[in-house]
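Chain naming follows the written order as A, B, C, D and E, and within any one chain the residues start at number 1.
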């Protein structure tokens, strides 16, 4: 009988709902595993840490966590190691130097999300142009990695630590002033920011968001993108966004976006249970385990998600 | 027939017995001075008559009918108006608005009724003129002088031509000249058949305008005499307790 | 030699000229009554002497030396204590704490100095006894009676054995019995060589304890007479303006 | 300022009122020397209000911006700006009423989230838009009722009550939604999303709602007894009570009005966004309060302007939009919002002191 | 309650004080009938304080929990609980001082983030821990100074000033950090992280800091003139001013003390988390205020308990921890925090009324 905890960054983010569903699926399949899905209601770093602490205290049989604040989480996870509780990360990983604290990471290579998004942009605008990037919360590590991936892909050169430096013409791409936009994972802020930037810069070539928040608020996003539908259709402008939530797929199908790079949160949650069970039973597991990415464009939108 | 008659009014706040079986009556056209030391229960008695709170026991009779007041409006409807010790004005409203507070005049427009500014300001202006006060109805109370504020508070009692006007220390905080005006008003009220109860610490004021003086001590009435049958010295003695009763 | 001498004190608040060239002097062992209509400038004058704000122009002399007060403490250091019109007490502190507010007694322990509760309560207790008040130093002011509060405010002036005590309407709000106590205190102060300025609207009080009475009207001094050379009627006339000057 | 306010005011704004104003304000002002501050009507009165000056500031920003960015004066940008601030404007209308009674409502942000969820669940279950609207408004009314009862009858500090409600409402939203996002609204989805998100003759529907609400509040504050009484309570609750105004019931109604403005904003907002999460509205209470205060509401109570709330909300949105269009890094945005908030109140303060 | 408070108090808590208490409180109470409420010393006094009853509530929860969950009474859990609430406790100590003056400081959460960044940048640049500490505390002191000056000298409402600062401080933190996370603290990293994260004889260092700070504040409130004067200002700022207390300077110092408590908490907190982001502390102001209020601080001013702040913070953390260990969904957590906040104040209210 195992109880494994799956700890998301925030429980009110639809992305993590899918992981939870995967986790419950695994629970059904594995007779001796209970999935305890618990995390902070909103995106707060400290609360997530406290929850993990309490889980260790409570003595669960394994923890899969998507750390909001990697270095801080690492410190807490030392206690898990002391208590002999198996630990793995998902969605976001620990810092390089702390990797010994978790057995494995299941999730995405975040850098690649940015890279693929940039490739989608490059495919539509081989000659470069102006671009605005939009990103998530305060100093979120995974978003910064995605930013770096996007920037380096566009620039064709190394740009240092995440999130890199704003592009000033490298590879033909220039980031406009006022960007990158910070959303703090707030859907409303994200849409408003995009709306204003597109209005202020009618000649903008591309808008690239490293998180689904841009498109969460389905109706609002549709309204914001609608005026640019034609430009997007005839290749003058491009909007690409990370993740492949249901509403995002539909929006792209409707021509209100040009590309998505999807992670597989369901699979992350699902696999996490199996991996934890393996660890608990002393089996060796791979490190890291990438769940893969779905790269969607207007062309393959009906078939891109597995 | 008394205009107002209080029978064995008692009021306790928890352990504090603010009033202990007070009887008092007043006829139309009469002014009664109510005196007593601090905490003797004067304001408490006035508030009971004004409907601020019910007595713990006892009866209030108006023109020989027993009444019960549950809120200030009840007393008002029975023809009782009060000028509170602290005036109770809203500084952020105009003088006119204060006069009509809680009983605004309205106009009807189809199903909507709305405040009738014109009528209210006009009427308030008339009242101030009557009181010989230079208060302008459209001025904010915020920056009015003590005398003007007093005029506003008194004007409120004139809205409804009440039978009985209660004044709780209306002269405590105002200047010599304004005191004279208030006393003149009380006289005019008497002349027009109103009953007035004047709560005051000022002996000369009471002796100038009142027909009778009642003295409370520790919640009990210790004297109720015609002005011409007593003297300031006696009343002082009654207040302090130097004289037991009279 | 005057204990205090004010020369041509003027004070303006913007367009309002609260005081216009007021002269006043007072000797040790003397009590001066300061009277005047509301807004005549009495409290303003007292506050200037107490160091609350400086005069717009004019000079304050103490024992023939010119002084300037920038804050209340300056006046206090010069031997002037004041009982404010509204008492100015902190309800959430004890009577003792209020008496010593701003000049707490301290003990030293190495480099640390800390409040000396024992000494403060003891001294406050002595002061209350002196004032014949039943106030207990450890009681919170919160639920004290008007008389007890008054005692606390007055006790503060006794901390430093001042030369001059200013009392701004100390009897306005208290009961007959407590008034007598305050007046007795003023007499004792005089007897022990203190100078007292008593601001009051109450004619009898002033005539009972003061040696002189000064009358302010609209910021100017219109009279300054020995008590035995004037009468309540004359003073009333001076206050209201019925009598121009005297 | 009168005898009744000085001391307590000093406590809340220690240091307020220079020493020389401390007492002597009782009845000291002589009739003759009164510089009467009367209720001036018409343009004169308007010139003295804070909303007017904030509006002027907006015009100034607008003029500058139309040079800085071609995109600023476009119909589309105006459309976006007005739509964006309309939600906050509606909430701020209600908040102004609460602030007018010297209260505060910290729970509106959470309530937005809670309304989003109850509304979303109802419509998702296929109940239709009328039912959705009713449930949304009922949720708001109940929350307002609880706030109001605790404040008016149990005499608790509005800050504490609504802070507690902030936590509780958010928690209930989480529980009800089971932390899931709702983006399917049953049979009436189209109508629902049209109401919140579309426009009539080029003006977003939510802006129409704001206009109607502001006009209604303008009328209420000026011509209804309810409005008059709320203002009176803000000026002196004791006096209002003695004048026979049912103060407790009025207070309850004020908190209900505030909550229901939020409920209405939530209804429009979810229609506009097309999805409901329990995280909606986090920290909006601060924006709404800021908008009200910038629009002239005074936290001490007794002051209210129907146009203040929308104008305050508009200024905040205008700053945000302008900074972005001007290409100033988004990181600076909050800085200017905070600065303007402080400046607005500071100016009001100075203006008032000058007038005295 | 006295003549000086009634009216204004009524405005802030309309409905407070039943009608029959409205006036007559002036000097009405006769000497003889005074039920003297004196400063009782020792156990009697303690029994009357809110912190004591909150502490009792904690004990009760603790007893229940030790039956519900074996993990509860473990050393590790106690270690975690105490460490978790210590940060809030330190901040709440300062907040209590502000609340004692009838003020409020909404900017502490943002300040935590700002301190995190200035501290992080300094140490990351290799300046060492002493310099980091100095910069962290200087940041806090400056923010407190600005708040204090605006409130004390320009007489602005604390709510508005600190709300503006909330926005500005966060914005500056974002600008300074360029929105990057800092997790390298230069040469003194180890010492720094030890201070914030480790323990001495089984008690987390931050708890030691809290204990020392609470003891210091206890002494200050009881035995220092500064403390006495702050309490006096909270009781009646006007009277304090007239007694010669430099009220403005005191107010400034109070806001600085509050900010510097947050600065200290930030120093420990960053050492504990091992990383600094500009998002740290978002909405903490509400938790800190809630902790202070639960611990007995009265938003009307004039009341302060040194032990109240830590006890209030402890209760909030205890609720969180207990719910999780008891297996109650975390979604409910905020609900109980809000509920306890309201109940704590309600009980205080009832208790006080009974005493009158």
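Annotations for the structure displayed:
Note that in this section contacts are C-beta pairs under 8 Å (C-beta built on N, C-alpha and C of every residue); 3 or more make two chains touch, one makes a residue touch a chain.
Computed from a predicted model, the values in this text were never measured in an experiment.
To fit its Cα atoms onto subunit E, subunit D must turn through 180 degrees, a value rounded to the nearest 5. Among all pairs of chains, D-E has the largest number of C-beta pairs in contact.
Ranked by separation of Cα centres from subunit C, the top chain is A.
Here the spacing of subunit A and subunit E, counted between their Cα centres, is 36 Å.
Separating the centre of subunit B from that of subunit C, both taken as means of CA atoms, is a distance of 33 Å.
Taking each chain's centre as the mean of its C-alpha atoms, subunit A lies 74 Å from subunit B.
Mean C-alpha position of subunit C lies 48 Å from that of subunit D.
Within subunit D, the positions touching two or more other chains are listed as 4-5, 7, 19, 22-23, 26-30, 35, 170-171, 174, 179, 234-236, 238, 242, 282, 302, 329, 331. Looking at subunit A, residues 11, 41, 182 sit in touch with two or more other chains. The set of subunit B residues touching two or more other chains comprises 37-39, 52, 84, 86, 88, 145-147, 173-175.
Considering their complex, residues 4-17, 19, 22-23, 101-104, 106, 150-161, 163-168, 170-172, 174-175, 178-179, 233-238, 241-242, 247-248, 251, 282-283, 286, 289-290, 293, 299-302, 329, 331-339, 341-342, 345-346, 349 of subunit D touch subunit E. On the side of subunit E, the complex with subunit A involves touching residues 69, 71, 74, 76-77, 80, 84, 113, 174, 177, 179-181, 183, 193, 197, 272-275, 277-280, 282-283, 320-321, 324-325, 329-331, 333-334. Within the complex, the subunit A residues that touch subunit D are 10-12, 14, 17, 41-42, 176-182, 186-188, 191-193, 195-197, 199-202, 216-223, 227, 247.
Listing the residues of subunit E that touch subunit C in their complex gives 1-2, 4-5, 26-31, 34-39, 219, 222-225, 228-229, 231-232, 234-236, 238-240, 242-245, 302-303. Contact residues of subunit A toward subunit E in the complex are 11, 38-41, 44-46, 49-51, 53-59, 69-72, 74-75, 79, 95, 135, 137-139, 141, 144, 163, 182, 184.
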